[in-house]
């Protein structure tokens, strides 16, 4: 199943509009290309409607947001909705500042999202309207473990029902859920948290996956999450003693570039709950 | 001839002012250093005139433009013209949005450029005042092939005559032309299109080349285009099975860093038409 | 001594708020993670006070500043002062434009800094209120050599006394001084100047070091400077014939990632004057 999801990305090469932060934007562009799609970054209110119109999908990431780009996110999101384009939300740092929390809540109210991807603290913030996200990383108190996994899955399904979006909560165990079905994905490597922007990259790639698979948003998002985790494993296996997080960053994008649909199908580790 | 162009960059180490997009800016800075020049990035209207004044050349790239930076591009471009500094224009995504097309047209009207570098769709958009650029990549319908090469060369020469700028149209075959003479450059590797920003990097490097060779803009731009393509070949030859577009990106910049004038002279593959 | 400084970073994993330029921001984030701390980038005036509040330290870098971010720097700096959080200033390009010089001077007046890190031209500009910085690199006339080392140390101590900040002047020889004591650090490799942003990265990392060692700002800053230089040596020793500045950039961050406190203690080359 995941195999088909990646195949469609590579076959259709969807053009993805990204409004994203300036920290990890280059890696986002390169990973979107690596998976077989094509990225364009544009964030001015006077062009985002045009750009969204020529694209097939939209990725909104609120990292390093500002008043100028918030307006652009809303315009682009609404335009994408009009055109029935999939829209992904990455609520980076929701809970870390009032501005980020409020912006994420406003986006949720005014834009219909196909997928919302964040760490557990960010998603909890969205669900409750407030939060205590520790910067851009998940709060330790929120950590998803085998012990609370069922609770988190129930939470994800509930939030998916409320928003109509596929909810992707990523961390040591990844959960990708719609209102009825959840994928628990156990790919990845702990060292991935030593790289800035693996989450941002995943969101951008997920926009490509759901855009290329419009009738299978849940499976497409799950396939993207599994692909990222599997790439983290493949990349880690290449590291030598002197390599660190910067080389690892490059190798993860390389692994996505070299990942065939068959490799993803074989490498994905998940269960459905 | 190309040898001398690179020699002059390395000897003069020109300081290049870049107003460029936040997606590929880091790679632009590193490749400008790699070729022997020195970059400075500054985009606020209150400092661009100062920065352009202390620099020897200017590179304007309209990717991720916004109303604030458009004003800065105009100020810096006019200041550079007053000082007789070479100015390069990279019309990223011209044709993809009204804002980009209009900004590129306004820049063409108000600033005199030494070199305009883009893909065929972007340059056609500039020549006609409107276009259908597919995001930031060239439209397939516009592709330069052996069959339409003479037509594209004639078009490039005509647009060079109209603008007074050297026109660099890059793709599978690169064309660098003034009103009378065109270089067809056949360096490069198809995988270069799998990296975000090879075009942006080339424009930044070209600003360094034309700045260091003020009386030879055509040859300088052609040498820069050949250097980029040749670096793409050298870098590709280093790739192992597990390497992908991210490692390739690093290796291309590395190849520019290690390129001697003699290597460029030997590696450049071109004909004059 | 330097050993303890790095140990504390790794043990406390301080969250560092960065308001920094879009050229080198990704490398800054990755090196902050590499040394054991955690970065968050945020530059909107409506959220910087919130973000500074949840962080333990602040890094202000004026590269690619604009009127919007200058306001944010002042708000964040004052908030950090209220909370007694360490604040680092990197006056990138002070002296290269009126805007940068004046912004740096205003920050010095309105914010109390724990550390000011720049090249000799930038620091001289700050001390005199005007300057002739050559872009973002030090002016050759300003170069620190064995011949003028005592003078530069006296200058650094004097400026430290005036500002109350630790002054870190980095170049071929690095000087890190408070009003009474100076570390002369002789780590590093000339090729580090072929990478954009090693200075920016160092400033971001220094914020992590001084935040984790609040009672030892001088030693913490010196340890961070030594760590960066030593990483430059380690990374250089890995380079093969075809590697250039882009691979070197990755390897330096990798070297920080793999640096243990013991390695830093052993690798640091310095004298106290």
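Points to keep in mind about this one:
Read from first to last, the chains carry the letters A, B and C; within each, the first residue is number 1.
Just so we're on the same page, contacts are C-beta pairs under 8 Å (C-beta built on N, C-alpha and C of every residue); 3 or more make two chains touch, one makes a residue touch a chain.
Keep in mind the model is a prediction, meaning the values are calculated, not measured.
When the CA atoms of chain B are superposed on chain C, the rotation angle comes to 120 degrees (nearest 5). Where the sister copies chain A and chain C meet, the same residue numbers recur on both sides for under half of the interface positions. With centres set at the average Cα position, the gap from chain A to chain C is 33 Å. Shared interface positions of chain B, i.e. residues touching 2 or more other chains, are given as 22, 26-27, 249-250. Residues 15, 22, 25-27, 29-30, 33-34, 38-44, 46-47, 50-51, 54-55, 68, 234, 238, 249-258 of chain A are the ones touching chain B in the complex.
Interface residues of chain C facing chain B in the complex, by the touch rule stated above, are 21-24, 26-27, 63-67, 93, 96-100, 134-137, 194-197, 241-247, 249-250.
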